[in-house]
Amino acid sequence: MIPNRHRYAARLNAFKVKGGSVAEMIAAVGRVGGLGAADLNYPDHLADHDTTTLSRLLADQGLILNGLAMRYYTEAGFRLGAFTHPDPAVRRAAIDLTKRGIDACAAMGGSQMTLWMGQDGFDYSFQADYARMWDDTIAAMAEVADHNRAIDIAVEYKPNEPRAHALMPDMATTLLALAEVARPNTGVTLDFAHMLYAGEMPAKAAMLAGRQSRILGLHLNDGYGKRDDGLMAGSVHPVQTVELLVAMQRLGYGGVIYFDTFPDLSGLDPVDEARANIRLTDRLLDVARGLADDPVLAAAQSRQDAAAATVRVMAALYGA
Amino acid sequence: MIPNRHRYAARLNAFKVKGGSVAEMIAAVGRVGGLGAADLNYPDHLADHDTTTLSRLLADQGLILNGLAMRYYTEAGFRLGAFTHPDPAVRRAAIDLTKRGIDACAAMGGSQMTLWMGQDGFDYSFQADYARMWDDTIAAMAEVADHNRAIDIAVEYKPNEPRAHALMPDMATTLLALAEVARPNTGVTLDFAHMLYAGEMPAKAAMLAGRQSRILGLHLNDGYGKRDDGLMAGSVHPVQTVELLVAMQRLGYGGVIYFDTFPDLSGLDPVDEARANIRLTDRLLDVARGLADDPVLAAAQSRQDAAAATVRVMAALYGA
Amino acid sequence: MIPNRHRYAARLNAFKVKGGSVAEMIAAVGRVGGLGAADLNYPDHLADHDTTTLSRLLADQGLILNGLAMRYYTEAGFRLGAFTHPDPAVRRAAIDLTKRGIDACAAMGGSQMTLWMGQDGFDYSFQADYARMWDDTIAAMAEVADHNRAIDIAVEYKPNEPRAHALMPDMATTLLALAEVARPNTGVTLDFAHMLYAGEMPAKAAMLAGRQSRILGLHLNDGYGKRDDGLMAGSVHPVQTVELLVAMQRLGYGGVIYFDTFPDLSGLDPVDEARANIRLTDRLLDVARGLADDPVLAAAQSRQDAAAATVRVMAALYGA
Amino acid sequence: MIPNRHRYAARLNAFKVKGGSVAEMIAAVGRVGGLGAADLNYPDHLADHDTTTLSRLLADQGLILNGLAMRYYTEAGFRLGAFTHPDPAVRRAAIDLTKRGIDACAAMGGSQMTLWMGQDGFDYSFQADYARMWDDTIAAMAEVADHNRAIDIAVEYKPNEPRAHALMPDMATTLLALAEVARPNTGVTLDFAHMLYAGEMPAKAAMLAGRQSRILGLHLNDGYGKRDDGLMAGSVHPVQTVELLVAMQRLGYGGVIYFDTFPDLSGLDPVDEARANIRLTDRLLDVARGLADDPVLAAAQSRQDAAAATVRVMAALYGA
């Protein structure tokens, strides 16, 4: 059973205003109402405050720390890769930075570090030695997982951007890597828009994750399946969103739902946009709860009868 | 104002069963209940019955003839093109076949011929002389439009398939062509899934069509934006479907809504599937009617406030 | 080292002419000159001739049998799936048909059965029970692999078509499945156009295959990355083709190169088109051989220097 | 006839280094050798130097001014649009800024202003009033074209980014708009990677442009057809690049070839990368010159014989 209520989190940087500090961003998150958790990016969100101060700032807004997320910034030398950087010294710096991030996470009482290895990819045919990159990634992931067995390492895959091709572009590739890493404190974070533009059916990818690894996070958002549009959850693909939420319920996921959206690109006030995300997701979760154990739907699925299944789902979702 | 009720039509070939005749397909359409119109493909659907018989078969099922749709079959020699075939004799045969189709349409009391110029395209760089193909298409369209000024010629564009690239892949290219054709009895037919995989926002494409030409038909269906999946209307993209229906209402479209879907690919009974299309579309039309003159939505749009607009639309559509 | 010369094979059905028999298709393949192997589809290509006759027909044209490839035709009841069909009796029929195909392969002295599980997929959210489909596929693959340990089972993945989503859409998903199947006589067949429209970089996918499983076949062709265009090898993406050929050489692949192209869609004479495939591939293989051990290229790759690598490759490929 | 030698230009911002000035960027462009022209972005590249100084800096490096290109930056208030901004005051500011840019262009002896209206788009269904946006764009383009009839206004279309959908996403839509604008000093700028991810065949789009408007610029680069990858010209799609160059030659284009690439994303030294662009393009232009009047190719095209055409082209391009 899905808990009565998931905690929601929003992307902290969506609340960044010119010259704004992390403290101001956290305060803005608090103003939304309805958000119960936050993720901090490492190292940037921890640059100006110590972990004690940050923990207090979160608590002041009634927010728990969902976890930390690594950022390997171009300006920090990671343009050509973090765990796969061809220069061993830069690669080592990426691993060490990650370990410090894990330490900071533990210091704040967090339980999870999310890795988005966005720089670990390639742009051109013949640019990269794929086998070497794969080996280097597996070894680095094992090393950071071993750094602190009490902290879960969640891989958030994405097809591309900033690199034209990511080494870890989709669910199945990520699961192959995690099988080689073979550490119990590893898993995946699902990002709905990433799944769409990886060409995946989100609920099917969730099935694979639940079967082969652990699902450590869920990012909701939406888009048109070509890039990481960062639109509000349920605004384009409500049906696939509900199907994913049903799958997550069946898999027993009770963690945070994080809205990984880009209100700035659409000129939206981040507080308004976060409230819309909450409102839409509340409703889609309700629909998902109603469908998760529906015998008519289960019967239709058991014979792959898409007409009966679709009518049932659309009746629940939009009253058809 | 949208009429209280559009007539619905379904793809006749979806009702084809092994060895089944056109008469049997029409009877199956009648069994659906709720379908009020039919399109016939020329020449194949007129091969076995004369126009009088066909008109009677339609009337027996309470169906009006929405129009005819040309098919330039590979087996008939049109693999390399119809209006653009490099062999002038084959090109002439395509034009003459179209004229006979227009005559048959008129004989049945129809008012519209739909052209899907699926063979008029190219597969390889350097295969085709694009300028020659363009000229040949414009000239052929003008000629068939002039053949009978009382019959409207509707172009149904599609990005590709069977050719890797169609000469007429999207709305704007079609409108450029129609501007050159410059005949009042021409226009476009909108196909939702084609629009999606042409990368279009359907309601925006409808705006362009309404501004530059005439909208002569509307095909509803759905898909994942990569190919012509032929799924049930509203099953994947209900939000964009409603937006298109609002745009059609504002443009005064009162014509037939044709379900251009492929139940056979999903193993569905065509009668069940057609009933699901009707049920889903009835509901989405209701939502569209409620939104078309909504002042809160209009105010949100006037300032491009996507949070307010989305909350309003999702409240109407799925109760968020 | 790549052998001096791969055997080439062409898609037998590309040589189908109206009313033509399998014997006539094989004779047409022989007329190409330069083709040294053939695949037969089971059951259709074995419907009219016994295996002895077929073996002789191939030998008469100097062709070895590369293997058999299963076809689970819609008309045979497999529209909703073969190994995943919701009806256990139909699923059993698919497995038994595959075993008979394996027997026929063995009877002809072949060593490989290719499985393209094109019907094993889904079209709609909520249509399918993904976990059940996955289990059924793993079990069926294990069963057919065990049927005859001397025959290799090669999975040819494809993102979609005829179903909107395939259960086995890409390399990494296929490798996850094969890891569960855990039979030594299994592996993958790479199809260049499928890889492109799965969003893969072909040489990277080959690396994964070589690392985790066995590469049992290579299909060359080309396209635009959105669907299975079936164009001639090297006609759109010669650079990625060369990169894949270099990867195959490094992996020690010495098997057949099969041209999985659709000359019919482009109105091409299949003999002319097959000769073009051979000519283009001969040249791209030469380029690949020159690059496989190139120290300048290796040095550029070792530092991910795409400018140096690209200049080197384009000098070899097109004289830049 | 193509002139013996196009002038090449490179993206100035590709040469930006931390804290670097426009003067330093221009000096770096000069170091490439082989670049003969430059575009400046307005207003940013003109912020620190007056036009006289900039003209001298260009001349010192042997560079002519190809033109100016407008940038409507988010920070300047244009996040929700420039010519389509819902706030009339912001829209007016965008138009006035453009006029000042045109004045600066004229002051520097330039002849062309490029408009990339990247902010003029939308992200969500129901966010925007498409008809109002269209009207506002047409009116603004007419106004800026009328501001100085001696300066050409070139529209550079792009499917999306930063907005999820651009109002002017592809060639045909741009040509529809330019037909409404109806000013002789307007035209289009072709960008190869934008064309690819708009789903266009570049040479076909060039045909439409040549027929309906004026081609004012050519941006070469490459990518994978899903986003604006910014890769080196000819590195992924050399065949379509050559086909475009042949089309440009036939259309009599003798203007600048601008390399709109992002070496920074691939960790490349911009001087090395620019030299690679020049080297590859020199070669592809040679191939294009050889094919432009080739009678064998023309004969193959006249019968749409893709096998003969492809063999001819690949013999010229890569020696097949």
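To keep things simple, chains are lettered A, B, C and D as they appear, and every chain counts its residues starting from 1.
Just so we're on the same page, contacts are C-beta pairs under 8 Å (C-beta built on N, C-alpha and C of every residue); 3 or more make two chains touch, one makes a residue touch a chain.
Quantities reported herein were computed from a predicted structural model and do not represent experimental measurements.
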Label of the chain whose CA centroid is most distant from the centroid of chain B: A
Fraction-based call for chain B against chain A, same above half, different below: same
Distance between chain centroids, defined by C-alpha means - chain A, chain B (Å): 40
Separation of mean Cα positions, chain D and chain A [Å, integer]: 36
Junction residues of chain D, two or more chains touched: 80, 123-125, 127, 165, 199, 224, 226, 232, 235-236, 239-240, 266-267, 304-306, 310
List of chain B residues in touch with chain A within their complex: 199, 224-226, 232, 234-240, 263, 266-269, 272-273, 275-276, 279-280, 282-284, 287, 304-308, 310-311, 314, 317-320
Complex contact set, residues of chain C against chain A: 80-81, 86-87, 122-131, 134, 159, 165, 167, 169-170, 172-173, 175-176, 179, 198-199, 201, 203-204, 207-208, 211-212, 239-240, 242-243, 291, 297, 300-306, 309-310, 312-313
Complex contacts: residues of chain A adjacent to chain D: 74, 79-80, 123-125, 127, 160-165, 223-224, 226-227, 229, 231-232, 235-236, 264-267
